[in-house]
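What follows is chain A paired twice: with chain B in the first complex and chain C in the second.
Now for the complex of A and B:
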C-alpha cells in the first residue's frame, strides 16, 4: 500500500509538472525544433530571446501593467472591504456579492464587454486599457482576501487609534493596513501573477505596445522554436520567484 | 491636566430598550470614580458616552465645563484603556505609547522621550523596543495605560481594564492604578463589576442597576449606609430581615418599618441591636473569619449568616447570644 501511495504521488506530480519540465528542457535544445530527440545543451535561444527588443519591451510592459493594476486593485479592494466590514449599510450583503461576482465571469466576456465600452467612449486599445481590464479581474480577489482578513481584533485597535486622536485616513494608513500586511501582500502578489500571464484581455485591449503573453502568442504564429520555450521558461521563472517571495515575505513572517 | 465630568439627565435608548435612564452625575476633577454594577446595568454604555463612542439619546455631557455634544472621540479630552488592551501589534511598545503624541504632531525625539517616561511610570522602563506579543497580560495592560496617559488626557476612561487578569495580579494592579492616579492627578472613570475592586481603588463609587444610578458615594458610605436594597446586596453579603410594626421575627427592634439589613461581620456577641440567643447550624473556617449559619431560638425558620472572629470555635448546636453593631433599614 505504501509503495502504491508513493507511486500515486509521483504520477500526480508528473502529470502537473511534466509539461513544464519538457518546456524548460527543450529551451536548451541545440537545434531548430523543440521536439525530441534532444540534441544537446545550448544557451543560444536564451541569448536570442534576451537580445530581442520586442520581447524585452513586452516584458517591461507586462511588469508595469501587473504592478500598477495590482496596486490599484488592492487599494480599491481594501477600501471597499474596510467600509463593508465596519459600517452597517442597507444592502451590504448585496454590495459584497456584486463586488465578488466578476470572479465568476470568464475573462473573454469581460474583455468583450470592456472592448465595447472603450469603443463607445473612444478609448483606444492600449496598455492603459489592459491595465483597467486587469483591475476589473483582480479587484474582486483583492476585496475578498481583505474582507476575509478583517476581524474584531483590528476593529478595537482602530477604535483605540481614533480615541488617541487619529483622523480616519491615518487610522487606515497606520493601523488597519499594517495590521493586515500579510493578507494584503498575498492579495497583491496573487494579483501580479494573474495579471502577469493574462492573455485574452491583453490580446483584445492592446495594439502597438503589447504585454508578454501577447508577444509570445505572435511568436507562436510563426511556428515552434526553442526560443518560445526559452521565453516560456523565463515567464515561469518570474512566476515561481513571485510565489517564493510570497512564501518568504508573507507566510513565514506571519508564523 | 484634569477636569470634572458633568452628566446631566442622560437617557440612552436602543429601540424600546432603555440602556440609561435619567442618569445624572457630577464627577469632580482629579477624582477616581468607579462605575460599578452587574453586566447590562449600563455602566459601559455610560463610559462610551463620556468617551464619545456613542451619543446619548437625550441629555448632556460636559467635560471641564464644555458641552461634548457632537464632539468625536479624537477631539475629546478623554482617552480610554480598553478591556482587550487594543494595542497595535505591528508597533513597538515605544511607538504604541507615542501614537497619540504622533497624532498631535509632537516631534519624534520628544515623543520617544515621553514614551520612555510613561513606560517607566508603569514599570516597563527600557522595554520600548519590545512588541506587544512578547508581553504578559498584565504588562500589556500597563502599556495600554501608558499609551492612554501619554497624551495627558483630562479624563481617563478605563473599561474593565483588569477583567482579564488573574486574581492576584488584579489586586496588585489595583494598588498600582490607584498610586498612578494619585501621581498624575487625572480624573479616572473606571468600570467594573467587582465590588472589591471598586472599594479598593475608588474615591467614590457609582452603583448602577438597570440603567439607573442606585447609589453614589465613598466606599465606606456605599457599603455601610447603602441607599437601596440593591446596593446593599451588590456591595456584599447581607442578612435581610423584615420589620413590621417594630417587630422583627426574633423580637422587637427599635427601628422604623422596612427591611433591616445586617452585614455578616456586623453581628457579634456584643452588638447593641439585640438579636438574642441563636443556635449554630453549621460553621466553616475561612481564614480571615469563621462563617456560621445561625437560627434565632425565637424564630427557628430564620437563617442568619454571621462572620465570627478567626479565633472563635463555635460548635454546631451551640447557642450564642448575638447582636448587631451596625445596621441600616431600607424600604423596598
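Now for the complex of A and C:
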C-alpha cells in the first residue's frame, strides 16, 4: 500500500509537470521547432520575445487590467461583505446569491452579454471594457472570501471602535481591513492571477490594446515556435513568483 | 432616527456599489442576450422580435445538436476522470505525506495550475503532436512504428482538460480531507471496519460535499471553455463554445450565438440543480 502510494504520487507529479517541463526545456531550443530532437541551448528566443514591442505592450496592458480590476473587485466585494455580515437586511440571502451568481456562469457568456450591451450603446471594445468584465468575474470571489473571513471577534472590535467615536470610514480602514489583511491579500492576488490569465473576455472585448493571453493566442496561429515557449516560460515564472510570495507573505504570517 | 435604521442605511450604502456593478454588467447583459436570442438575421441585419427560430434550429440542426452532445460527453468524461485521479492524489498528500511537507507537496502538485491557460494547451500540443515528445519517445523505444495521431483529437482535448482539473480538484478535495478529524476513521476501525469499509462508509460520505462542489466547478469551467478544444481538438468536431465563437466570427450571427449561450447556461443550471443537495459554493 505504502509503495503504491508513493508510486501514484510520482506518476501524478510526472503527469502534472510533463507539459511545463517540455515547454521550458524547448524554450532554449537552438532551432526553429520546439520539438525533439534537442539541438542545443540558446537564449535567442528570450531576447526575441523581450525585444518584441507588441508582446511587451500586451504584457503592460495585462498587468494594468489585472491590478486595477482586482483593486476595484476587492473594494466592492469587501464593502458588500462588511455590510451583509454586520446588519440583517431584508433579502440578505438573495443578495448574497446575486453577488455570488457570476461564479457559476461561463466567462464566454459574461463576455457575450457585455459585448451585446456595449454594441447596443455604441461602446467600442477596449481595455476598459475588458477591465469591467474582469471585475464581474472577480467580484464574487472577493466577496465570498471577505464574507467568509468576517467573524464575531472582528465584529466586537468594530463595535468597540464605533463606541469610541470612530466614523464608519475609519472603522473600515483602520480596524476591519487590517484585521482581515491576510484573506484580503489572498483575494487580491487570486483576482490578479485570474485576470492576468483570462482569455475569452479580453479576446471579445478588446480590439487594438490586447492583453497578453490574446497576443500569445495570435502567436499560436503562425504555428509552433520556441518564441512561444519562451513567452510561456516567462509568464509561468511571473505567476509562480506571485504564488510563492503569497505563500510566504500571507499564509506563513497567518499561522 | 434610531441607531438600527442608521445602520441599515449605511449597510445599503456599502452594498450599493457591488449590487449596481453586478446589475449593470452581469444581470442587464444577460437579459439583453436573452432578448437578442429571440431575434433573427436578415442578411447582415439583426431583426428584433419574438422568434423562437434560433432555438428550433439548435434542437433540429445536426451540427448544433452534435456540438451540444460533444460538449456534454467531453465534460462528463473529463469530470469523472478528474475526480477519480484527483481523489487518491489528495488523500495521499493528506494522509501519507508527513504534516510538515504537506503544504509544499500540495503547492508542487498544483504549481502548473498557474501557467497561462493558453500556453498550457499549447504545451500539450508539443507533448502530444506528431513530432512531439510522446511520439518521439515511443518511436525511440520501438513501442510503435508510426507516430500516433493524438493531438487534434478528442483524446487530446480530454487530456488537456484532465490535466487542469486534476489540479483544481486536488486542491478542493485536500481542503476537505484535512478538515476531517482522524477520530472518525479511528472510531470506524475500533468498530471493526477494514480500510476499505472505513473509506466507503465514513471518509467518502463526509467528503462528498467537497467532491461535488469541485466536480460542479469542473463541469462549469469545462463546458464553457473555448481554448482547450480549439487548440487541442483539431477541427474534426466542434464543442458548444467553439460553435458560439464561429457564429460571432464568420457570420456575425449574434442572435444565434446568444441562443446557443442561453442553452449552455441552461445546461449549467440543470447541473446545478442536479448537484445542489451537496453543493457548498460559499465554502469553496
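Remarks
Definition applied: the second predicted complex is superposed on the first by the 255 of 255 C-alpha atoms of A that agree within 3 Å, B and C clash if a C-alpha of one lies under 4 Å from a C-alpha of the other, contacts with A are read in each partner's own complex, and residues count from 1 in each chain.
In the analysis below, a residue touches a chain if its C-beta (ideal position, glycine included) is under 8 Å from a C-beta of that chain, and two chains touch if they have at least 3 such contacts.
It should be emphasised that the depicted structure is a prediction, and the values quoted were computed from it without experimental measurement.
Overlay on chain A: chain B and chain C fit together in the combined arrangement. When the two complexes are overlaid on their common chain A, residue A:36 makes contact with chain C while staying clear of chain B. Of the two partner chains placed by superposition, only chain B is touched by A:166; chain C is not.
Once the two complexes are overlaid on the shared chain, A:84 sits against chain C while remaining clear of chain B. Of the two partner chains, chain C is the only one touched by A:132; chain B is not.
In the superposition on chain A, A:113 contacts chain C only, with no contact to chain B.
Touch criterion not met for A:3: it reaches neither chain B nor chain C. Centred on chain A, the angle reaching out to chain B and chain C in the chain A superposition, using CA centres, is 100 degrees in steps of 10. Of the two partner chains, chain B is the only one that A:156 touches; chain C does not reach it.
Touched residues of chain A were counted for both chain B and chain C, and C has more of them. The superposed three-chain arrangement places the nearest Cα atoms of chain B and chain C 6 Å from each other.
When the two complexes are laid over each other on chain A, chain A has no residue in contact with both chain B and chain C.
Note for the complex: chain B touches chain A at residues 51, 53, 72-75, 78-80, 82, 84, 86-90, 99-100, 103-104, 147-148, 151. Residue ranges on chain A touching chain C, taken from their complex, read 2, 5-6, 8-9, 12-13, 15-20, 22-23, 26, 33-37, 75-77, 79-80, 82-84, 86-87, 89, 95-96, 98-110, 112-114, 116-117, 119-120, 132-133, 135-136, 139, 143-144, 147-148, 168, 193, 197, 199-200, 204, 212-213, 216-217, 220, 224, 228-229, 231-232, 235-236, 239-240, 242-243, 247, 251. Note for the complex: chain A touches chain B at residues 153, 156-157, 159-167, 170, 174-175, 178-179, 181. The part of chain C that touches chain A in the complex is made up of residues 7-8, 10-15, 17-19, 21-22, 25-30, 32-33, 36, 85, 88-89, 92-93, 96-97, 103, 105, 107-112, 114-120, 122-127, 129, 131-133, 136, 163, 166-167, 220-221, 223-227, 231, 241, 244-245, 248, 254, 257-258, 261, 264-265, 268, 272, 281-284.
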